[in-house]
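Below are two complexes that have subunit A in common, paired first with subunit B and then with subunit C.
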Partner chain A sequence: MKLSEDDIYRTSTQFNHWSFTTQQLAAQRLKTNMQATERVKANVARQRAQRLQQAESDSLSSGVENGSGANTPLPDRSSDVKEVDCLTAEEELMIVDEFCERALALGAHCQFPTEVTASCVQFLRRFYLYNSPMTYHGQNISRTAMFLACKTENAHQSVETFATNFSKTTAEQILAPEYVIVQGLRFQFDVKHPFRGLKGGHLELVEMARGSYEGPNNIEDGMTSADLQARMLTLPRKAHEPSAKTSMQDMEKRLTSAYGFASHILKNAALLTDAYFLYTPSHIWLSSHLLADEPLTLFYLSIKLPSHSPLYIKLLSTLRSCAALLSSHRTFNAQRSPDVDAKHKARVKQLIEKLKSCRDPDKVDLVKLNQAQKRDAVEGEGGFDESKAKRRKVERETYQKESDNFWGPELPKA
Partner chain B sequence: MSKQPTRANGASTKRLAEDGGASPLSKSLHGLSLQHASRPPAVADSSSDICPVCKSSRYLNPNMQFKVNPECYHKMCESCVDRIFSHGPAPCPIAGCARTLRKAKFRRQTFEDLKVEREVDIRRRVAGAMNKKEEDFETLMDYNDYLEQVEEITWNLILKVDVEATEGRLRRWEDHQKAELNPNARRREFDSSVPTDHVVLKKGATQRKTAAPASTPQTIANEMNEDIGFKFHGLKKRVAPPPEAPFDPFGGWSIAPQYYVLQDDYEVDWLTNQKNDVKHSVGGYDMRDFYNRSLREAFGGFGVFIEDEINARGTPSLDPHVGTKQAASVAVGARDVNMDDVF
Partner chain C sequence: MASPVVLSPRPNPPGAKVDPVAARSKALAILASSNKATRSPAVAPAASTPKDGDLDLAEQMNDDVRRQFVSGKRLGEGTYAIVYAGHYRHNPDALVAIKKIKFNAEFKDGIAMDAIREIKFLSELTHPNIIKLHAVFSTKDQNLSLVLEHLPLGDLEGLWKNRKLTYSGADIKAWANMLCQAIWFCHENYVLHRDIKGNNLLIAADGTVKLADFGLARSFADPGRPMTSNVITRFYRPPELLYGCYHYGGAVDMWSVGCVIAELAIRNFFLASETDIGQLATICDHFGTPTEENWPSVSTLRYYVAPSQQPGIQKGSTAAKMGKPASWWRGTFPLLGEDGVDLIRGMLAMDPKKRLTAKQALEHRYWTALPRPTKKEKLPKDAGGEAKAAEDLKRKGGETPANGRADKVARKLDFASMG
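Then we have the complex of A and B:
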C-alpha cells in the first residue's frame, strides 16, 4: 500500500474542510453576511427598546437626574428612526482583507517567524468565512488569532509577554475570544503553507543547474543529468524570448532571485487573497514561481510531467489562473502608484467608520461575555434545572443592562 | 464447650420447626451430626493417627500432620520427614521399602485413600505428556484410538505392568514433544553431548575434530528413525507457527513519492550553515528529513485540482459533522459561535 504526495495532501483538514470553489466561497460569504445583518438589526432594535424603557422610567423616578442623563438617550432616540446600515458581503471581505494586512504588519512588528504570521492570516480568513466582522471586530480577533498561531507554529510566548506587544491590552482581552476562534476554526489548526514547498523546488532546481539532479525526468528518455543541465543553461531569460546561453553562476543567481521574488509573493499576495482556499500549496508556490520566472518554471514542470499529458495541460491552466489571482493583488507590484494605495486606504477608512455603527451590540465586550460564560460553566457543572437556568439568564441580562447604562451608548463620532 | 452444642441445637430446632416438626430422636441425631461436622475431618481409623515411624500419636500431639512421598506413598509425620530428610535424600524408613526419598517431594495427602492419591498422580503425569487434542488428528476415529492407547498406558502404570518400559517410552515421547515445540532446545541437547565424549576425545585433539563433523549425519539418521516412544495413527505433523512479523506502526502503508526522488544531499548556499552546525547534528538532526519534508510539501497536492475534486465529491465542503456539536452548528450557521450559552 503506497501513498503518493497527493494522497497525503488529500488527508489534510485543509483539503477536506477548508478548500472551496469560487462559487462556494461567494455563497458562504453572502450567507454569513445575511445572518449577521439579521442578528445585528434584531439586537440593535432590542437594545434600543430596552434603553428607551429605561430612560422613561428614569425620567419618571427623578427629575434631577434627567438633566444629566439627557446627554446619552438623546442621540439614541434620534437614531431610533433610521435602520442600521449594515455592511455588505463585499464590504465585509474588504474589512477582513484589511485586518489580514494589519496582521502581516503586526507579525513583522513583533518579528514573528513567517509561518506564525501566515497561519494567523489564514486563521482570520477561515474564521471570517463563517463569522462576520460586524459580530466580532477584527481587532480583537486578529490579536488572539496571532496568539493562537504562535502556539500552533511552535513559537509560543506567554500571554503576558504577548500582550506587551500591544498598548492598552491585557492578557484577559487576548484570551477572551480564544475559544470563539478555536470553535470557528473547528479545532483545525494545521495550515499547509507553500513556503517549505518553494524551498524544496528551489533545492531541485539548483541540483539541475549543477547537473546532479537524480529525480524523474519526462523530457526525453535516456537524458543524463548533464544533458539536463545543458538544456537548462540555454533557457530563454524571459517568456517568448529566444533562448540564450547562461553560465552556471548566472543560472544560480537567476534561481536565487526567482526564489526571492516567489517567496515575496507567498508572504504577501498569496496570504491576502483566497489562494489558500482555492488552490493547493503546491499550486500556490508553483504559480508564484511562474510569476517570478516563467521559462524556468515551465522547464521544471516539463521535467516532472510529460508536456503532452492531460495532467500537464490541466496543471498549467490551474497554475495560470492561480498566478492571475496572485498578481491581481495590490501588493504584487512593488512600484504601485501611490494613487491606488491612497484610494484603497480612504475606502477602508470609510468602511471601518461604517463598521462602528453596525456592530452587534451583544458581542462588543468579549471579555465580559467570556466571564459570563465561564461563570456559568463553573456553576452549571451539576446539570441544569429549569428554574435555576432561568434565574441565571435574568441575572445576566440585568448585569449586562446595568453595565450598558454605566458606560452609556457609544458616542457618535463627528 | 457446653455452649456450642446448645446453640447448634437451637438452630436445628428452628430449622426443623420450619420443616413442619420431627421426632425428638431425629432432632438429637441431627444435633449429633452437627457436632461431628464442626470437628475437622479426621481419619476414622485410629491406627492411622499414629506415625508408623516414630509411633507418636495425634492424641498427644494435636498439631501432628502426615505427609506422603509419591515415590512410595508411605505415610509419616511431619517431624519425621524433617528429622530424616533434612540432610538430603535418604531411604524410606518403612521396613521393606528402602526407596530413596527427597524432602521436597513430600506433601500432604489429598485423598484419604492412598490408592486414589496414586492414581490421580499417575493420571496427571500421563495427561501432561499426552496432551493431544481432537484437532491434532486427521479423523475422530484416530483421536479415539489415541485416547484408548493413553488409557492403556495409564492402567499399565497404575497396575504396575511394564512400568520400566512404559516410563521409558513416555519419557522419550515427552522429549520428542518438547523438541518439536522448541527446536532450539534440541540443538542445545546435542551440544551437551559433547562433554560426554570429551573424556574419550581428550587423548587427541585431532580425533575430536574428525569426530565432530562425523556426528552430524549420525544425528540426522537418528532423527529419521528415532524412537519417539509412541506412534499414533493419523496424528498430524505439528506445523510451527509462522515467525511473528516485525511490528509495523504504519500498518503496511508507506510513502512512495511520485514526482521526486530524494537525493542524499542538495548543494545550496543557504543550507551550509545548518549543515555544518554542530548544534543541529549533535541532536541527531538529519538534513535528509528536511529535504524529504520540503520536497513532499512541494508536491503535496501537485495533482490535486480542488475545483474538480470538490465538484466530484458532490457534497459541499462545509460538512457539518465536523468538530464538536457546537462548532458544527456554527458551521451550518444555525447559531453564532457560542458565547451565548446553553439556554
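Then we have the complex of A and C:
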C-alpha cells in the first residue's frame, strides 16, 4: 500500500495543466501574442481617436481659436498613422525570461526560501503562457507573483512588510494584480519542484558511498551494500574515462560538489528555461546531476533500473534532452565570457524600450483598473448616471497620463 | 433560482444599464456584475467602446468555467464564505455546492490564506474520501468561488449528536476506516491537514465520509524548518503542539483521528477543555504526564512542565502520573471492542514517535476482525443534513460552530513567523 511518486505526479495540476511539448508551448505563445497584438493595436487606435475627438470638442466648446487654449495638448498627428510596433512571441519570451531572472535576484535580495522564489518564477512562466507582457507588465506582475508565492509556500508576510522590499511601491500596487494572476494561473498554486528529489538522491548516494545503502538494487542479484560501495569507489572520474580508484573521503567530496553544482542548476537554469513545462521534477534533478557528474548519475540509475531495460534507455534519452536544455542556458556556464552577457543585456534593454511603445493602454495602471472593477461590482446594481461616467472618464484620462510617466522613467518628461 | 439574464454568456451591451432583475438578490447581482459589460463603462470612454468579447485568454478560460455551473439557492452564510446549492449547467442532476469566499475587509493582504491553502491542496488531492473540488472561478468583483462536491448528509459530529440516530460498532468501523484512508492519502501526498475534527468530515448522499476544510493544511516542512504549533482545533490538538513543538509530521493529524473515533464511540467530545492549559491537563489526566523515560526529549519542548508541576483537571490538583488503566478504556469504549481500543490508543500515544502512522493504522487488525465494517449503503444517515453541511463548508479553517462547546477555540495562526 504505497502511492508511487508517479501516481502522485500524474494526478497533479502540474502534470495535467502545465506540462507541454515544445510544439504546444510555441503554439500557445503564438496564440497569446497574436491576441495581445490585436488588442494593443485596437486599444491604441481607440485611444488616439478619442484624444483627438476630445481635443477637438474641447477647442470647440471653449471657443478659443486655433485650439491654443485647450487644456489637452493636441496629439502628434504623425503618430496617428504610425502602426504600433508590437513584440513578437519570441521577443515576449525574452522579456518574460528577463523578469524571471529579476525575480531570482529579488528572491535572493529578500532572502526568501528557495521554493518561494522558484514558485514565483514558475508562476510568471505559467502566467505569461496565457498573457502577454504587452498587456501586463512584468514588473507589476513579478512583484505580486512573489507575494503570492510567499503565501502558497508558507512564508507569508503582511503586504506592508512585503512592500518595504521595494522602493516606491505601495501595498495597493502589490495587491492590485493578484486576481489577474490567480486567474491566469487557473487557480492552481501547487508547483512541484525538484529540490527535495535532488536532496534525497544525494543522501542515497552518500549512503552507497559509505556502504550503508539498504535499498533495492538492479545491478546484480545478491550484491551487498559493501559490494555496491566497492563498485562505486572504482567509478571513472569523468564520462568516457577508464575507471579509477577513489577513497571514501574523496568520493564524499565528489558527491558534495556534484550536489552543489546540480543544485545551482536547479536554482537557475532549471527555473529560467521551459524545463518545468517539458519535464517532470525527477527528470530535472537527475539531468542536473547528470550534468554535474555523469558516471555517478549513471551508476545511480543502474541501481534503480536494470540498465538494459527499454525503460532505462528511454529514461536516459529523456534525461539527455533535458540536460541539453539546461546546459543551453546562459547561467549554466559560470565562466561565460562577459561578451555573452553584454550582448544579452543590450538586446533585453532594447526590447524593454520597445515594450514601452506597445503596451496595452487599458492595462497600464492596474491599481486604478482594480479599483474600477471592485467599484463596479458594488455599483453595478444601480447602473450608471451621467456624473459617474464623467468622473470616471476624467479619472481614466488622468491615470493614463500618470502611468505614461510612471513606466517611462528613461523617457524625457513631456 | 438563477435568472437566465444573469448567467447569460452574452453580457448586456456595453454601457447599458444592468437589468434590474439581476439585482434581485445580492448573490445574483454579484454574478451579474462579473459580466464584462458592466465593467466596460468604467474603463471604456464614450467615444468608442472596445468590442465585446475582448477578454484575455485567462478571462475567457475563467468565464468558460463559470458558465459550466448554475448557482441556486443560498444554503448559508458565514464570516468567511457564502454557500450556494448549484449544479452543472449541462446536467441539473449533477449537484454541487458553490462556496463563495467573501472579500474580507479585515484581511488586508489580498486573497486570504485559508482560501489559498484550500484551493492549493484540494486541486491536487483526488480521493474518494476527500471532498472533490470540481472547479474554481472568480467573478469580477474579485471573489473566488469554489465549486465543491455536494455532500448533503451532514457530518460525523452531527451523527453522534443526533440522539434520534442509533448506530453500532460496525458503523463506527466503517466511518473510521474512511477517515483513515483520507488521512493516509493526504500524508502520502505530503500534506498535513491540521484541522481534523468531526465537523470537517462530511457525508455524501451515499454515506461516504469525506474529509473537508483544507484551510489550515500545508505540505510537510523540510527537516529543520519550523512550523507553527498553533494549529488544530483544541479538542483535537496533540500534546506536542500544546507543548509548543515547532517540528512535526503526520502524527499530529493521527492524534486528531484518534479523538474523532473516540467521540463516535462515546457520543460525546472525548478530550475537551476551554483553554490550552486545561486541554493539556485533561490529556495528562487521561494518559499520565509524560516524562523523559516514556517520551524522550519531551522536556526540551517550550511549554513542558514536569509531572510534579503539571496541573490536573481538578482545581489545585496535579495531573495523574499514570494513564488510565486498560479496564477504563474497555469500559469507556465498549463499541470499539478490544481491537478498536488498541487502535485508538495507538493513535493517542503521547510520544508522536510512538503514535501509529496512517499506514500503520490501516494495517491494524481492527479492520479485519469481526464485526465487519458496515457497507456504505447500509450506514445510518442523518436526514436534513444539507443545512449542516453548508454550515461546515462556509466556516473558515479552525472555526467551530457558535452553538457547540467548542465555540471558544478560535485561534489565530502566527503568520508572521511561520506557516
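Operating definition for what follows: the second predicted complex is superposed on the first by the 362 of 414 C-alpha atoms of A that agree within 3 Å, B and C clash if a C-alpha of one lies under 4 Å from a C-alpha of the other, contacts with A are read in each partner's own complex, and residues count from 1 in each chain.
Everything below uses one rule, namely that contacts are C-beta pairs under 8 Å (C-beta built on N, C-alpha and C of every residue); 3 or more make two chains touch, one makes a residue touch a chain.
All of these numbers come straight from a predicted model, not from anything done at the bench.
Put subunit B and subunit C onto subunit A via the superposition and say whether they clash or fit.
When both complexes are placed onto subunit A, subunit B and subunit C end up clashing with one another.
Which partner chains sit in contact with A:Phe15 here, subunit B, subunit C, both or neither? Use first/second/both/neither.
It touches subunit B, and subunit C stays clear.
Answer with first, second, both or neither: which of subunit B and subunit C does A:Lys304 touch in the superposed model?
Touch partner of A:Lys304: subunit B, not subunit C.
Return first, second, both or neither, reflecting whether A:Ser225 touches subunit B, subunit C, both chains, or no partner chain.
Neither partner.
Contact-wise, after the overlay, does A:Glu178 reach subunit B, subunit C, both or neither (first, second, both, neither)?
Only subunit C; A:Glu178 stays clear of subunit B.
So, does A:Gln24 touch the first partner subunit B, the second partner subunit C, both, or neither?
After superposition on chain A, A:Gln24 lies in contact with subunit B alone.
Would you check which partner chain A:Leu3 touches, where first means subunit B only, second means subunit C only, and both and neither mean what they say?
A:Leu3 sits against subunit B and subunit C alike.
Once the shared chain is lined up, is A:Asn165 touching subunit B (first), subunit C (second), both, or neither of them?
neither
In the superposed arrangement, which partner chain does A:Leu203 touch: subunit B (first), subunit C (second), both, or neither?
Touch partner of A:Leu203: subunit B, not subunit C.
With the two structures laid over each other on chain A, which partner does A:Tyr279 touch: subunit B (first), subunit C (second), both, or neither?
It touches subunit B, and subunit C stays clear.
When you line up both complexes on chain A, which piece of subunit B, out of 61-69, 187-195 or 331-339, runs into subunit C?
Stretch flagged for C-alpha clashes with subunit C: 331-339.
With the touch criterion stated at the top, can you tell me which subunit A residues are shared between the subunit B interface and the subunit C interface?
1-3, 8, 31-32, 35, 39, 130-131, 135, 180, 183-184, 186-188, 196, 362, 369-370, 372-373, 376, 380, 384, 389, 393.
Using the touch rule from the top, collect the residues of subunit B that touch subunit A in their complex.
Touch residues, subunit B against subunit A: 252-261, 263, 266-268, 291, 293-307, 310-311, 316-319, 322-324, 326-328, 330-331, 333, 336-343.
Any idea which subunit A residues touch subunit C in the complex?
1-3, 8, 11-13, 31-32, 35, 39, 42-43, 46, 49-50, 53-54, 113, 130-131, 135, 147-148, 151-160, 171, 174-175, 178-180, 182-184, 186-190, 196, 362, 369-370, 372-378, 380-384, 389, 392-393, 396
Subunit A touches which residues of subunit C in the complex?
Touching subunit A from subunit C are residues 15, 17-18, 22-23, 29-30, 32-34, 38-39, 41-43, 45-48, 50-51, 54, 56-59, 61-62, 108-111, 113, 116, 119-121, 123-124, 126, 136-142, 144, 184-185, 188-189, 218-219, 221-222, 225, 227, 359, 362-363, 415-416, 418-419.
Quick check: in the complex, which residue numbers of subunit A touch subunit B?
1-6, 8-10, 15-22, 24, 28, 31-32, 35, 39, 130-131, 135, 180, 183-184, 186-188, 192, 194, 196-204, 206-207, 210, 212-216, 278-283, 285, 304, 311, 314-315, 318, 362-363, 366, 369-370, 372-373, 376, 380, 384, 389-390, 393
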